[in-house]
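A, B, C and D are the chain letters, set down in written order, and residue numbers restart from 1 in every chain.
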Amino acid sequence: MVEDNNTAIGRRFEIFTQIMIVLSLVSFSVETLPNISAELRTNLFWFEAVTVFIFTVEYIARVAVADSKVRYIFSFFGMVDLLAILPFYLATGLDLRSVRAFRLLRLVRILKLVRYSAASQRFYRAFIIAKEELTLFLFASLIILYLAGVGIYYFENPVQPEAFSSIFHSLWWAVATLTTVGYGDIYPITVGGKIFTFFILIIGLGVVSIPAGMVASALSKAREMED
Amino acid sequence: MVEDNNTAIGRRFEIFTQIMIVLSLVSFSVETLPNISAELRTNLFWFEAVTVFIFTVEYIARVAVADSKVRYIFSFFGMVDLLAILPFYLATGLDLRSVRAFRLLRLVRILKLVRYSAASQRFYRAFIIAKEELTLFLFASLIILYLAGVGIYYFENPVQPEAFSSIFHSLWWAVATLTTVGYGDIYPITVGGKIFTFFILIIGLGVVSIPAGMVASALSKAREMED
Amino acid sequence: MVEDNNTAIGRRFEIFTQIMIVLSLVSFSVETLPNISAELRTNLFWFEAVTVFIFTVEYIARVAVADSKVRYIFSFFGMVDLLAILPFYLATGLDLRSVRAFRLLRLVRILKLVRYSAASQRFYRAFIIAKEELTLFLFASLIILYLAGVGIYYFENPVQPEAFSSIFHSLWWAVATLTTVGYGDIYPITVGGKIFTFFILIIGLGVVSIPAGMVASALSKAREMED
Amino acid sequence: MVEDNNTAIGRRFEIFTQIMIVLSLVSFSVETLPNISAELRTNLFWFEAVTVFIFTVEYIARVAVADSKVRYIFSFFGMVDLLAILPFYLATGLDLRSVRAFRLLRLVRILKLVRYSAASQRFYRAFIIAKEELTLFLFASLIILYLAGVGIYYFENPVQPEAFSSIFHSLWWAVATLTTVGYGDIYPITVGGKIFTFFILIIGLGVVSIPAGMVASALSKAREMED
């Protein structure tokens, strides 16, 4: 039942597991809310206990039905399944937040759903088609980010020694600017810095935004190849 | 006349109705302005009364000429037409803002205009072509948003307990950042948080911006299929 | 000489005119700087006088060599040429800023350069190819902007009556958000407003960013058609 | 060994050089951190001395093995190699920041890696294919930026004489807005300025974002041409 998602009961079980994963992630998020009542916290703990129990049963069942138990345990999804339940047993009562974060590994299991879909396969092929250019552009993006950081440092550091106190601080500006996020926590105020920003944006925006268009056209190419 | 937009008078009536809808939406917006004079408010009320009267006459005419009256009344556009005028009769003098918002349903009627255009049909076909990938990317976007929210929560919560007070607050940051809106109301200040933002942007920007390119290339594909 | 840009002297004259236009725009911009010295202001005035003199001579020459003087004077570029110099004679000493702005019409003359290039022709054909979809998306963008404005007004107005004081104020938020500019002067603070922003961004970003991809693929189509 | 990257030792030497370049850029960035200890500064100096020594040895070796010594010394990469080490000998003890910045030239040497890759060649061909349109759009972008700057100046200068004090200041707003960075340091507050921003964004966003899509589709065209 846990292995075969072609039977009706197998599919229903899979959907049930997916819903449990999403619910357990919601409960994980609710726990981080400040000022939640002691009662809600207790309920969340019991809900967590129930989900871990279900996932533990599922894990044991999977080990039991696996042709090669050892291979399943050390497979990628076997490790994920184990790491997603283990922290509960280790950390109960200890309130080790960072350990509890392992629960996020359950997200990885949701990815199983997508793994075999036609769209994923096509996306994977598109990725292979555009791999070389993507590497080139990632590389070029890093160089442009670095040059943007160094350049703005020379223009702004003398005037804004707090905001642009080193090349590393300037790199944060470069990231926020070339991705066009532009939080507004740090920006050039000198004339030279503003003109530099203009030129780096003209060059940099292309470099940063071309990869998305490239993957899109590789995807439509991959779709044609199927026909 | 209300049904046939192939005759000259039918087309003219349709254009007149569209203009009335746009004007009634403008009047709806003007009403929300603070400190408008009592005189303007009265004028807006009378203008609203006139448009509702016209739409009521149109509605009755449509019911009258429909082959099957019951089917028209319970059709999608029949319901929209009714819901767009009903609130006026119910809410006059009661100032129920939320009820008055039903007037926005008139926007739906504008969509009638687009429904049969060649461009819409093509867009619909492009949507069908790219449906699977769009679902995949919507799914992937949600997962990346969630992971971005959780990650930044761990980095920023200890330092900015106000801004990043829970995973839900962090999700708001994730939405504003990965769409590159970047209001600047909330942003990372720790070194770890900034480096995390850099990596999540490199991965996330692609995921969020690829769908648009995909629809664009699917559209040009759909156009070729027509030829 | 002023008409024929195939001869060496004709081309040189054209380039000289273009440079004069750019220089006169720079001088126009410099004039707006606050606290410029009286001396610089005088120099700028004399530079302006010189450029207007050159453009006047050119205008008279063009009228003189035109086959049909009347047709040139009332042609689009004839009007532009006249309107670009007339304000100087009318406004000298009157400091009528709005009249001086007519000088910007000189920009239109720069467009002459592009008019006959292969790239412009191709872009024009691409525009024709994608015209219907572009109209559809412009239309859809306006509807989404309006709905975004109305929606956020209902969520944020009770809490931020200053920032979101009417649907018109909310539309400004919608413009800044859906174009992902995100100045940060106005943003949602309620939970409902933030969730609404999330959904409107998922739908709206596509609608706003698809047209660019569409024109790009129409351009590559137009290029293929040439071959 | 320094010339031939086909032999095993040649490739290993090349990778070693690349790593040295990256490390020397990291050390360059660390030096700009404020409040670094005297001890770390000394270590960075010695590290710099070591890298310069290695690069000097490499440079001498390259001159020695070159068929035409003069041609290598005056070649582009010969100049880069020399300029990347010379500042150290000139500036030691002088703390001439601007001279030390010549070390950034080492980045140029990293570019050697990409020069002959298939992806670069393809990108170069894509660039040639789309050259005319890119020039047109760069030109159009500059005109739109200028018009946006002038327009917003007329709307906002009377109300915000500080932020929009001249057309040059307004151009900074135009750059930050049309690239959708939107820092939030400068934005329109008048109704006219906001409506103007809306229209300039509708026109301008396309102009600024189309080139990226164009290069992407030219890239996929270039890939097809290879097949």
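Just so it is clear, a contact is a pair of C-beta atoms (placed from the backbone, for glycine too) under 8 Å apart; a residue touches a chain by one contact, two chains touch by 3 or more.
Since the structure is predicted, the reported quantities are computational estimates derived from the model, not experimental observations.
**Student:** Shared interface numbers for subunit A and subunit D above half of all numbers used, same, or below, different?
**Tutor:** different
**Student:** Counting contact pairs by residue number and requiring over half to coincide, which of B-D, A-D or A-C is equivalent to C-D?
**Tutor:** A-D
**Student:** Based only on mean CA positions, could you tell me how far subunit A sits from subunit C in angstrom?
**Tutor:** Here the centre of subunit C sits 40 Å away from the centre of subunit A.
**Student:** Centroid of subunit A to centroid of subunit B, CA atoms only: how many Å?
**Tutor:** A distance of 29 Å separates the two centres.
**Student:** Give the residues of subunit D that touch two or more other chains, as numbers and ranges in rising order.
**Tutor:** Residues 168, 180-184, 209, 212-213, 216-217 of subunit D touch two or more partner chains.
**Student:** Where on subunit A does subunit C make contact in their complex?
**Tutor:** Against subunit C, the touching part of subunit A is residues 180, 182-184, 213, 216.
**Student:** Could you please specify the touching residues of subunit D with respect to subunit C in the complex?
**Tutor:** 129, 132-133, 135-136, 139-140, 143, 146-147, 149-150, 153-154, 157, 161, 165-168, 177, 180-184, 187, 191, 194, 197-198, 201-202, 205-206, 209-210, 212-214, 216-218, 221
**Student:** Applying the document's contact rule, which stretches of subunit B touch subunit C when the two form their complex?
**Tutor:** Residue list for subunit B touching subunit C: 25, 28-29, 32-34, 97-98, 101, 104, 107, 110-111, 114, 117-120, 122-123, 138, 141, 168, 172, 175-176, 179-185, 208-209, 211-213, 215-217, 219-220, 223.
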